[in-house]
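Input: structures, listed below.
One chain, chain A, appears in both complexes that follow, with chain B as partner in the first and chain C in the second.
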Partner chain A sequence: MSASGPTPPGKPQVKALNCPGCGAALTLRTFGNAVTIVCDSCHSILDATDPNLQILQQFKVATDECRPLIPLGTRGKIRGTDYEVIGFERRTIQVDGIAYSWHEYVLFNPYKGFRYLSEYNGHWNDVSVLKALPEVHASSPPTVRYLGETYRHFQTAKAETSFVLGEFPWQVRVGESAVVTDYVSPPRVVSSEQTGQEVSWSMGEYMSGKEIWKAFHLPGDAPEAVGVYENQPSPLSADTKNIWVAFAVFLLLLVVMMIGCDTLARNEKVFTGDYKFDSNQRAESSFVTDDFELKGHTSNVEVTTSTDLNNRWIYLNYALINEDTGQAFDFGREVSYYHGYDSDGSWSEGGQNDSVAVPSVPAGRYYLRVEPEGDPGYGATYYSVTVKRDVPQYSFYGIALLALLLPAILLTWRSLSFEHMRWAESDHPPVGSGDNE
Partner chain B sequence: MIRSLYAVYGVIVMLGLGTAQYRGWSLATVNQVKNVPRSVRDNPGSYRSVYSSYHHYTGGK
Partner chain C sequence: MTQPAGTCPNCGARIVFRWSSSVQTVCEYCKSILVRTDVDLQKVGQVADLPPDSSPIQIGTEGAYNHKGFVAIGRIVYEYELGSWNEWHLMLNDGTSGWLSDAQDEYAVSFAAPGRKLPEPGQCHVGQSFVWDNQRYDVSTLTTAHYRGVQGELPFQYWDKKDVAFVDLRSETGKFATIDYSDQKPVLYLGQMVEFEDLALRNLRAFEGWS
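Moving on to the complex of A and B:
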């Protein structure tokens, strides 16, 4: 794309001319501003500055040559200014032997001058020529700074003009080439085009096809965007930041809730008893404890068993029984503790103590039925049973933390995948990206 | 949109956590039995736990 300064204000006018090559009618929409004009019929590139419209070049096109998605002569409003589409070109780069083409539209406003739109696979950019030179930093990857924003090098390629139509504010030729370098900072891209010693800079800002269709009042729907474009803003980046901020707030609430529940929980010892179980005795081992009062709202009851086990086990069948209603909470706990020494060194397994929280126990008078079991021949095991009311359960905080973390991690992963897809197409693909992605 | 959804989801998680703490929920496996006869108080052997004669660990390393 070549730069062009503001045009002298004048009333927009259309002048009818004929192509000297084929005699077809030509329409000059930027009278006095275009440098070249292309005949739609015979594809002659004509010198628009010459009153005789000298033929500069003729090129052949395939019969299936693409047509502009926005027809020449279409008017629309871009960022509050009316523009008319006056030119269209296709440019092609070769990467690993594969041709990639994009399209550029030349827009004209008699007061504002020229502006451009580029389109690739349904991704659009509103492009304007830079008024100042960006600072280029030869870091790795190279960056440019423009208006306080840093743009990271994305790709450098030799682009060849492969099709032109309409009017252009520069000497356009099919087959002409330029080295195009893109630096991105979504949703913007700063591009340099070098032809010989001449370098021109432009800036593009990403637009969706829907916005373009609306701006130019085009019929139907815009073609769907395919893949991730170099400066396409990630639809998830803002959400990812927001969700982590929200996660931090919930984490703080979680800590506050933990401190609050810890402070407010009764954590009240309501019963304790010491017992002996002799597995050599054949007599009925089950017994019941004295009754105890569970106060307050429905809450948990923690039953802790502490033993003197040493390389053996004991199994305790517990039933927490409401004396008045006959409702029982039945559960069994195995306590085992083994330890020793082998070729790997010392080892141990299990423990001498065990705790369990019986969930949602209503208030009332309760007693425990305890039925210990163990291998015959082990002899006596001494153990104590402690019952506590309304004990904080920290496992739920862990579950809540995971539940809050999971969506944030998933969203971050999706956002990173989006960036991975973006940079996989660049000269700086992420590690693990295939060359031909 | 996603932030709002996450906020609603987070509030539900926090409410669930609060309810779990207040109501004394637990991850333990407990079997509830209704109408246990009063005679158990005097004759503990007359009651048989559903966990009675459950698999018992006999190992060690």
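Moving on to the complex of A and C:
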């Protein structure tokens, strides 16, 4: 800075720098905040705090083996603040001898400071440093509490830095490692990173590639996300919640409907008659009842047959006939009751009574025509016929309940299998999830 | 609350103290470090140019903390093995003085908290817990730094200090504490981590290409 007067506000600091390793021009984007800068041309890691940019390390990479998806220098808006991508690193963990790598982007705003993006298989996280310490509970699995929310331990792994590019606000080296522990509560993840004695905490929030592409105005489409990521919000969890809320609403409606219909139904006994049927008599058995009045709006009619059958059956051909129009509702009912003892104990089949609802019968004067049939030799059967108008029906509610319950259960099951896929990748795989032990 | 002015004993430039309790200031023109005595200003040293600066805060930046307005009137630049940070000396509108630390754009406001029991130098380790004012703090970092430069008004003489040991502590509630071992007696500062937005800062430094 100039020594000739008061610090001039707002004067830009233009700094032309060249890599001492290969002479390539370097761009410094963080106004003196960077601690290390990596030359893109020769992969020298340079001490950005040293005016001579001393080379700290040089690393070898296969040509273009690893390029940032968001080029360094790109600006984008994250949660309303402009940030510039200034650094990029790849970090690698080993699980069962297999290397898994993710990428981290260092973002910078000269007022708001640093922020990070991480990317794994098309899954992104917006990461910032925590201002308060989370509470760690050494339960099984361990949890942390932060700002009133509980995060479940997902994975602990040693992450090695395997590629770096650009500027970093810390001393970065290829080959250095830190123990990274993730605790998840989708869509957020709280991570601790331990190097030696020091532990730093950060919070990530899941972002889709599409959101990142939009935020940084990147050309083309974001790479498809593969699999389920540790803090990826389940696309079904909101739906699952909604469908159960909808279910509860419909259930309530159904109950209201049921109570309403129950109280509003006339449930009126309009006719009853006692009869005797002798199957031994060869005479014509059919007869008609006295007529009766069906009142009110078009609704159902319940015909109940009560018998004294004992290890026998009768069959009744019924016709409900409108006296004025002649319109007939035909239906047949078999009533049978059998019981006895066998090696398993007592048994019984059927019953002495039968009830049937004839739907949508208009008001008017009606009578029943009844034609009983039975095995010859049974002798006399005594039975009574009762006719009730506008009787509440409950089977409809059972069917409706089932129709509502099925999609809810199906969605819940799918949501659970999403969670199963998530946790299968963790240190705590669900029982029966195969090879991740 | 501008206080009576004096002149720089080195270059004759006008020196104005914004805060009545300031003990030291730096001449804006010749970078002489001036200590206020009862009668006049005494030159005690000279600062080198400040290192390339990253802080968006500057002398004269105004803001608010806990419903009190403040203005940045001085600063200390510390350097340590992993870089540097700024401690901005704040004058609050109730006449007290506080500190706004800016470490790579991570901000914390703190105030001297005398009278608490503090660990002896070299007795702290990372993870250790202390309780002050019913708040638990965990040691997060131990830092050895040296002062790289000063600017503006400070509440004490701070021009000839060498290595300084700091112990930084954090809490689960976002509170922040620093023990400063630069003097014979350690000094505790208590405060909290703050978001840039929450300070409502005005008169910030401009960065080319950023608004």
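To be clear about the criterion, the second predicted complex is superposed on the first by the 409 of 437 C-alpha atoms of A that agree within 3 Å, B and C clash if a C-alpha of one lies under 4 Å from a C-alpha of the other, contacts with A are read in each partner's own complex, and residues count from 1 in each chain.
Everything that follows uses one rule, which is that a residue touches a chain if its C-beta (ideal position, glycine included) is under 8 Å from a C-beta of that chain, and two chains touch if they have at least 3 such contacts.
Here the structure is a predicted model, which means the values were calculated and not measured.
By the document's definition of touching, of the two partners only chain C reaches A:Glu198; chain B does not.
In the superposition on chain A, contact of A:Tyr367 is made with chain B only, not with chain C.
Contacts of A:Glu349 after superposition on the shared chain: chain B is touched, whereas chain C is not. In the superposition on chain A, contact of A:Gln327 is made with chain B only, not with chain C. When the two complexes are overlaid on their common chain A, residue A:Lys131 makes contact with chain C while staying clear of chain B.
With both structures placed on the common chain, the touch criterion links A:Cys42 to neither chain B nor chain C. Taking chain A as the reference, the larger set of touched residues comes from B, when chain B and chain C are compared.
Of the two partner chains placed around the shared chain by superposition, chain B is the only one that A:Tyr315 touches, whereas chain C remains out of contact.
Residue contacts after overlaying the shared chain place A:Met421 against neither chain B nor chain C. Shared interface residues of chain A, touching chain B in one complex and chain C in the other, do not exist. For chain A in complex with chain C, the residues that touch the partner chain are 1-7, 9-10, 12-13, 15, 30-33, 35, 49, 82, 109-114, 129, 131-135, 169-171, 197-199. Contact residues on chain C toward chain A in their complex (touch as defined above): 28-29, 31, 49-54, 56, 58-59, 82-84, 104-106, 125-127, 138, 140-141, 151, 170-175, 193-196, 204-210. Residues of chain A that touch chain B in their complex: 236, 239, 242-243, 246-247, 249-250, 253-254, 257, 261, 265, 284, 286-288, 297-301, 311, 313, 315, 317-319, 321, 323, 326-332, 334, 336, 338, 340, 342, 347, 349-350, 356-361, 367, 369, 371, 373, 375, 390, 392-393, 395-397, 399-400, 403-404, 407-408, 411.
Taken in their complex, chain B has these residues touching chain A: 1-3, 6-7, 9-10, 13-14, 16-18, 20-38, 40-41, 44-45, 47, 49-54, 56-61.
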